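Note that the chains are named A, B, C and D in the order they appear, and that numbering of residues resets to 1 at the start of each chain.
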Amino acid sequence: MDYNKIFAEIYTELEKIPDTGKIASYIPELGNVDPNKFGVHLTTTDNQDYSFGDANEKFSIQSIAKVLALILAYDLEGEKLWDRVGVEPSGTSFNSLVQLESDLGIPRNPFINAGALVISDVLVGHLKNPKTDFINFVRKVANDPTIDYSSRIADSEKSTGYRNAALANFMKSFNNIHNEIDVVLDFYFHMCSIEMTCKELSRTFLFMAKKGVNTHNNEAILSAAKSKRINSIMQLCGFYDEAGEFAFKVGLPGKSGVGGGIIAIYPGKYSIAVWSPKLNKKGNSSRGIKFLEMLTTEV
Amino acid sequence: MDYNKIFAEIYTELEKIPDTGKIASYIPELGNVDPNKFGVHLTTTDNQDYSFGDANEKFSIQSIAKVLALILAYDLEGEKLWDRVGVEPSGTSFNSLVQLESDLGIPRNPFINAGALVISDVLVGHLKNPKTDFINFVRKVANDPTIDYSSRIADSEKSTGYRNAALANFMKSFNNIHNEIDVVLDFYFHMCSIEMTCKELSRTFLFMAKKGVNTHNNEAILSAAKSKRINSIMQLCGFYDEAGEFAFKVGLPGKSGVGGGIIAIYPGKYSIAVWSPKLNKKGNSSRGIKFLEMLTTEV
Amino acid sequence: MDYNKIFAEIYTELEKIPDTGKIASYIPELGNVDPNKFGVHLTTTDNQDYSFGDANEKFSIQSIAKVLALILAYDLEGEKLWDRVGVEPSGTSFNSLVQLESDLGIPRNPFINAGALVISDVLVGHLKNPKTDFINFVRKVANDPTIDYSSRIADSEKSTGYRNAALANFMKSFNNIHNEIDVVLDFYFHMCSIEMTCKELSRTFLFMAKKGVNTHNNEAILSAAKSKRINSIMQLCGFYDEAGEFAFKVGLPGKSGVGGGIIAIYPGKYSIAVWSPKLNKKGNSSRGIKFLEMLTTEV
Amino acid sequence: MDYNKIFAEIYTELEKIPDTGKIASYIPELGNVDPNKFGVHLTTTDNQDYSFGDANEKFSIQSIAKVLALILAYDLEGEKLWDRVGVEPSGTSFNSLVQLESDLGIPRNPFINAGALVISDVLVGHLKNPKTDFINFVRKVANDPTIDYSSRIADSEKSTGYRNAALANFMKSFNNIHNEIDVVLDFYFHMCSIEMTCKELSRTFLFMAKKGVNTHNNEAILSAAKSKRINSIMQLCGFYDEAGEFAFKVGLPGKSGVGGGIIAIYPGKYSIAVWSPKLNKKGNSSRGIKFLEMLTTEV
């Protein structure tokens, strides 16, 4: 299929629709990005690449990294992981504390901030050098040793991360954070600071469209069964309280980040990364979601 | 694939696990069912049928009928329908009023009771003889003129349906119920009282595995695009606050009823109905879910 | 003390402050009242009367009647009453359903709508001719046989009372409404439709400043102990989620109604009724509260 | 009045009722107290003292100190204080985060933990040496230079204070904590660690029964108007979600601590301190409340 042509056609349509989204401003560094950036990269399971726009420009993947953290934590901890974090959609905002109180410190899923903090705690508990070991894992999956944290972004997050500190302290009061809070938060802020291009992102996640098998060396990053399960969690929880809307309109498992990036997986067919910094009211890339809706309606 | 053999094997395994579920007791009529009933029926998209256990015994399909009501309402009302009901998982119990208050009378999705009441209101508004017209629609889809309401069940629901009356009145206070409350409730209680066998249920829902096309006459009950969307809603909202767990373990769109029935759809492959009356704490058939988990892990 | 002079002085001050309140509009009949009406009547425990402004004009006392209903229900039911309704401030809006769900159908206090519906149910259960018997009780307390319901207001409430019907049905699902819902709602809507002047209101409630003793015949309407308790409930729950603000600024037990009336009690000294139809965001008479604040600061 | 005799009589009655309360266990130091301790001390506005039981034994006054912190903060900050903390009953548990989220970081009142943390932040902002200056203020009010923090208790609180750290971080994310979180928490934990005997406590709070005037030197600690307002806040918010129950049964402004202490004020008559370590489910001294209920019913 000529995705390049389709991308261009959709983008032409997209430009006719005013983008009412707003760029993330909760940390200064994210607010400095050009709001009109737009990039797409699709990689098919037989390794064909299709690019459009600013697909080779680095951006902050933010919460998309939570999927990689989850995969590593699931591998290290096994099914015990689900005693500490659920797999249910939250029905509330990504950084809400309300449910955490009635659920006694067990986050609904690994993608809301509370859940990703528990995942961070699991990794901090298992890894010898958590930040180094995690970025090495990401590099291995991405087959790209240059992928890295942005210390600018990590520092910026840390300086305003009171709500995440609240979540971590709250869960520690329920004994669901086991390590030092400062260490867990430092890991979490770094994890969310990883930068990739659309092309790197799409290629990194291709294994999720291939039942867990890494394309460049045919090694299994996770089993087919676990791969299916992670896709299910992405489908149900990947877009906070817009997950249903995304499933309804796009129908693919995926994950968004407040940097404006989205990764989506068509199992057996392709992975696709889209980047457009303006966010809708639910905190997801407004144009990114629209693009994927039009793409999946068309093909 | 020899599903008959697989069904028998799984059932043997299943019998070794104690069933801690409890039969629904909120209406007397449901409490009279033999809790040890167990039936399965699978219909492939090429019309092969596989049965096991009490697959030819009628039971109250309860909330499973909400999917058929949604399909008809979606067809009659079009995309305007989503102004009155969302497509997001609720994160709360099936009959909760909490979210309805903060969401100003718009139910999160069409499968929680509040949402199904809005769907009932839509149908009452569109249909000349709502109860007759709806059962005729079900009969047409099922290709079976004997499918019917159970007036026993409907009466039993009505006599204890104060919570549903609360939901309907509450939404009417937000102008999201347009017709007389008593008429809407009467329709709703009848809709939930339909009885089918596993075989009838599986065959009725086969079109959802075939992009909306009715097998027996090749007519489209709904478009491929709409069919995909309804499957998405089932996947995200079909099991109340256990939707994530079901997606995680089973991975198929589906819908449960408090009568102990479950319908699940494997798009392009098959529809399957399971019936086992004992419910887990979330109100879904405990053994039914376990059966589907084992089936989808195996094949 | 020359209250007449004080009233006039305060009113002069009050007129200098813009009244940003809005007249209640949820039922048409209340919307028809002249928003600039203002009346005050104070009755001392030694039967001195002080009037100001529109103190002899009838208005809809609305929720203020809930205090009289509570007093009669407390008398008829005794301490068992508190098994069905609490005495705690709700911390939420007057017609909220949220807490009712977590509190399993037990309203926080007798003055939020849910609580007053339970009180209505208690009265319907005890009284032979509930509406007649209740108005006769009010007339006896008021020492005025002309006090009556407004059928206009009652009808208007009924035609838009879906939220109260929701509350009643919801509580019946928890077995905390024992009688027919329609009968309870009809009683409730009538109870809220009583009309009085400021003078009648002040005189009716004087017994609450006199340890329960009715001034005109020295009969005890309720015991001193019970009188103290009802005053406590008024102090903590009389102004919905503005109770703390009222206690902080005014410091007297009291009760407001959406008709713009307020009754307040200075135990041992006086009862006072104020009427000004424009309501603040919490649903209490904006100018009425300000007047009482200035009065209690002054004297 | 012969309070000594009344105290003995009530205690005899009280001993006949089984005390189902449980000693606070959330910090080890509080769990070490003898659960059968019982002390009462009443001081009349004309400086008569009445003691009973363990009235001269030190205990941890815990949250009772929040009243003194509030008084000092109110004095230093003036009416601006109420922009940062409300005066409404919370309707929820003392350490709940739920309301804080919907109320955008403004605690409902100064006595729930969140509110007391804001008060601590205000004091840290105003005082040169916060901990020293505050204890000196308490000593001045108590007219007793030996009153002190317990570093054992403060350390014990700090080591398990994750929930309070969560609250402080959460409010800082809403800009309602202005100073360093660690400094604010350290102040808060010390403030809650003050130890007094019933006699000291009763005498310390006598000024609240005397319109703010300190008995031993006739200086005003706060104005009569402010004194009335603080009493109102105690009446509405002094016992968490049992405030209504306390007002209903006892009818006096008061404040409890999880150390089992209660201070109550009868304006114009007396202050009274009760100590009994076992707490009811709401976290208030079970026997202490019962004692005050019997006392205020009797006299």
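Basically, a contact is a pair of C-beta atoms (placed from the backbone, for glycine too) under 8 Å apart; a residue touches a chain by one contact, two chains touch by 3 or more.
Because the structure is predicted, anything quoted here is derived from the model rather than measured.
Visitor: Determine the shortest chain-contact distance, in steps, between subunit B and subunit D.
Guide: Minimum number of steps from subunit B to subunit D: 2.
Visitor: For subunit B versus subunit C, what separation do you get between their C-alpha means, in angstrom?
Guide: Their C-alpha centroids are separated by 47 Å.
Visitor: Taking the mean of the C-alpha atoms as each chain's centre, how many Å separate subunit A from subunit C?
Guide: Subunit A and subunit C have C-alpha centres separated by 54 Å.
Visitor: Using CA atom averages as chain centres, what separation in Å is found between subunit C and subunit D?
Guide: Roughly 32 Å, centre to centre.
Visitor: Name the touching chain pairs, would you?
Guide: A-B, A-D, B-C, C-D
Visitor: Help me check something: in the complex, which residues belonging to subunit B touch subunit A?
Guide: Interface residues on the subunit B side: 86-92, 99, 108-109, 225, 228-229, 232-233, 235-237, 241-245, 247-249, 251, 297.
Visitor: Can you tell me which positions in subunit A touch subunit D when the two form their complex?
Guide: 96-98, 100-101, 160, 162-163, 165-170, 172-173, 181
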